[in-house]
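Okay, so subunit A shows up in both of these, paired with subunit B first and subunit C after.
The block that comes next holds the complex of A and B.
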């Protein structure tokens, strides 16, 4: 059966605002599962999921794995190191082999933009993009939206500024699409050498100074500054980056309103964000991590054909995938 | 559609049998001819043009009603992959693909393995071309030894062996000093120096045009300036040296403006554009379609518009395909890692008619000028004319024939085309080289001529 999201989750750009809200709404009841003593419901029992990580990841991989396990799916983790990828296997061959193993879903992270799309076109299993190159990281975008919604309620008319290396950031792209679809005004702030040349054509405001961004925004999503950007010559040094673009307590203290600070992690403390901001009262960075599991559970559940209106029932433990109506279909 | 009456045997051999093309529209911009009439070929030469011509004994008569009879198309830029990658194309399959596209001659780029950077390598290309006996194949020699951009290759010996131009195509000539020297040195031999204009530090790692689409897809972009900086450098060096620089595969509005600037000042610069750069935009990349990946990349609608106008007004001298076959599984991969290039020999005419003539930008006379007369003139090659006594290199094409691009039917070994499934207007129905039919649509002759397929 075709899910409300289609076959795959490749990015937030192709989704409608209704689909995004559906995922967020479906995530709400799943939040509570992680608070229980026994963190497990049988919604995905019997489903097999491969977590295929061609790039190293700690947070996202673990978050997906918890989401899968808490829904009772059978999971296999494949990391690029130690797999046939190192032996020169092409992505298309990897895809065909996965298909031959009759798995239900693939969660993939890959260093090439478009890799998730490539895989999705070639296999019948559901594909969830866990980050492809500098293209999209849709579940990160979704968990950021959920975190903002927890705080602000309706997001329409709110202002979010994405700070830092937007050029190389899949998180930034997923955020921009997701936020815009929910009616949020989006700005980016960072050195122009780390912003896509055509960024304004996205309907995004560009703010050159972090002080102005803090003055303008309801929330900042502070991106990680990769060390290799310095060696590649995009910016001179992390020291100067912190001086000019760092989100510091001094700068936040001048904010005209209570501003929310997000970060997709892992953080470079003292570079893009100071410790007393990351650990301070404005920070919702750990809420993002918690929400990550709920959002990923929602995505897995919906893509597997689970009915959104039955998410509450599913977590109640009917013992059937997707709740009661699935029972009759299965019978 | 074309039909053939054969008065004697079914075989035509090189120049031995007269050939009469009857009832077509003779279109030869080199003589300002555009009128219905016949054309007689004898001993491999054009014997008579226009009006009614007599039918000598034993002549093969081809009914060209509804078709345009023009001087043969010449593609000055293709990659035939031999030697080195005979699995993706050979000189023979490339020469037959060319003939099927209406080309009577093509120039093979030297970025083979080994590189065509010496007289023996040039001789190999020409021997293989003669053996193929389809479209003529001319060799382009490398500018630098091994195309490494360091020391000049032996232009004199390569020209002596038959090379018609030099190029390090596939790579830019990074060193301005080497480019200067090449332009100066090439003057002795009267050959153009072809440059692939790309400033490598700007284009490094790029996979498509830099713009909103690359930003959206998260692909590293290649800015228009990577091309334009080298275009103006080359034009200035041509001015300094008096050498003839030919700029390959122009793709941007800015390049057109710079070439116009150079030509207005009498600088010896010529330029080409590929059918894909005047028919497709960066949007064709869609969801990471590697058949829309080439270098230079597909640009914007504004660039396409400027390039079309430049073809019309002559700022861009000619059309070239940059035919670049790749093995299917090399294209079946992540976009950033897929090789650049598409095949073009068999779609060029259809794309040009559909996108430039039918849209009203070009008339057929200008199309033939840019695909035949101009390349012959710019590269100083045989052909480009139906003048009496000229080599009988002739393209007969149906300007209105609708056909759907099916890569599996291509004579090229390549299948990498962004036009697959598209319906185009205009197709070559008969291609004649030195008075000999080397391609005829729907004929078993074309299959017979094609050794690579069984």
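The block that comes next holds the complex of A and C.
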């Protein structure tokens, strides 16, 4: 017996809408735990989780670590720099060595698309993808969905436009798949050089002008312009990008309805998003960060436990209980 | 039961009634309105979901659904009355006590249950009991409340009537 999500969380593409909603519903009560004076529940006591980060990360790594600690798991952080990875150890060898130390879960970020799946097929521990190359970043997609749901309730029929550097963005892919499964109309907007070829095959609308995107959408998810790739000649300059595609207060003032502004961070203020907008009344960027912890707690909780051999042993002893909470039906 | 709660706590001062998800919450709500009728005081009410504090969380199969916990009033120095529908093994109450301890240090904690069916596995007893029944371990006591079940009733389901999968 595995959890309702299966063994791993590799992306939103393989999940059903029911599974996505289960994660979002589970995240709701976890929000309250972070508001307590003692921000800790014993749900994952005794579980060991390794955060294996082959790429730099601040927000995601800290968010996962908070989520793990607030569930009472023991955590170890491994960064590629300063580890045996630099000495040429392969990914699988690193993970197998970690498993030999009796761990339960691996949260991994890696520069190669598909790395999380590669690992998940080779180790017994649960694997959570914290970003693999330009493929997926499922917990970011989930926290975006949770933030949208906080504001709109049912998401069916809502319109979300993903703006900017879609080409390099794993956040964009997780968003597109996640949003579409919940019945959201998705568009992308950005310079053609930063949109993948055949992006239409995702079933998304392509909008060429940011003004049109603002007119069309209920929410904009503004992606980070990956400045470190600026040398590749995708766009003429960040100033010109801001002039043509930047989300500015002047542009938002012409929006026909209240529009929600999201950004996965880290922001380039004055490039893809102006400070006035990032700190303005439409912005839910910090709500996204808060929701990130709740969503990650939900994922950790749903993937953990469910050890069949222990469940069998427990069945004999306790029997049914009157006051116990109801169990999920999902297999 | 409402009168007993008031008596046990020498009035309604510093009293807070905390229902355990899910049916304990509805019962706690009814007790609060009964106390308001008789005493003219609206006693603060909270709810507690003990799922994350269960002692069998690492062994049970699919993850149980987690409900909301709400203790916005604070419990430091208060007289807390935990309300649940059925008292059986005592493990739910053990979990509730652990969870309450993470919210503060009440002056006193009491336990009120609608049905005490015996069969305790832990040294826990209820201070206020609506009805005591002695039934077999395999039998089930279902408490139904209007909001969740469409009717208010207590039903004892014998083991022989259970359709086990």
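Rule of thumb we're sticking to: the second predicted complex is superposed on the first by the 303 of 331 C-alpha atoms of A that agree within 3 Å, B and C clash if a C-alpha of one lies under 4 Å from a C-alpha of the other, contacts with A are read in each partner's own complex, and residues count from 1 in each chain.
Keep in mind that, in the parts below, a contact is a pair of C-beta atoms (placed from the backbone, for glycine too) under 8 Å apart; a residue touches a chain by one contact, two chains touch by 3 or more.
What you see is a predicted model; the values in this text were computed from it and never measured.
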Of subunit B and subunit C, the partner touching more residues of subunit A is C
Worksheet item: When the two structures are overlaid on chain A, which partner does A:135 contact: first (subunit B), second (subunit C), both, or neither?
Response: first
Practice problem: Could you tell me if A:197 is touching subunit B, subunit C, both of them or neither one (first, second, both, neither)? | Solution: first
Does the superposition put A:170 against subunit B (first), subunit C (second), both, or neither?
first
Report for A:43: first if it touches subunit B alone, second if subunit C alone, otherwise both or neither.
-> second
(message) Between subunit B and subunit C, whom does A:112 touch in the aligned arrangement: first, second, both, or neither?
(response) first
**Asked** Touch check for A:100: first (subunit B), second (subunit C), both, or neither?
**Response** neither
### Task
Quick one: classify A:28 as touching subunit B (first), subunit C (second), both or neither.
second
Going through subunit A, the residues touched by subunit B and also by subunit C turn out to be none
Within the complex, subunit B is touched by subunit A residues 13, 90-92, 110, 112-115, 117-118, 121, 132-136, 170, 173, 196-199, 201-202
The residues of subunit A that touch subunit C in their complex are 1, 3-4, 25-26, 28-30, 32-33, 36-38, 40-43, 46-47, 71, 301-302, 304-308, 310-311, 313-314, 318-331
Given the complex, residues on subunit B that touch subunit A span 210-212, 214-221, 223, 287-288, 329, 332-337
Residue positions on subunit C within touch of subunit A in the complex are 20-24, 49-54, 56-70, 84-89, 91-93, 98-99, 102-104, 115, 117, 121, 137-138, 140-141, 143
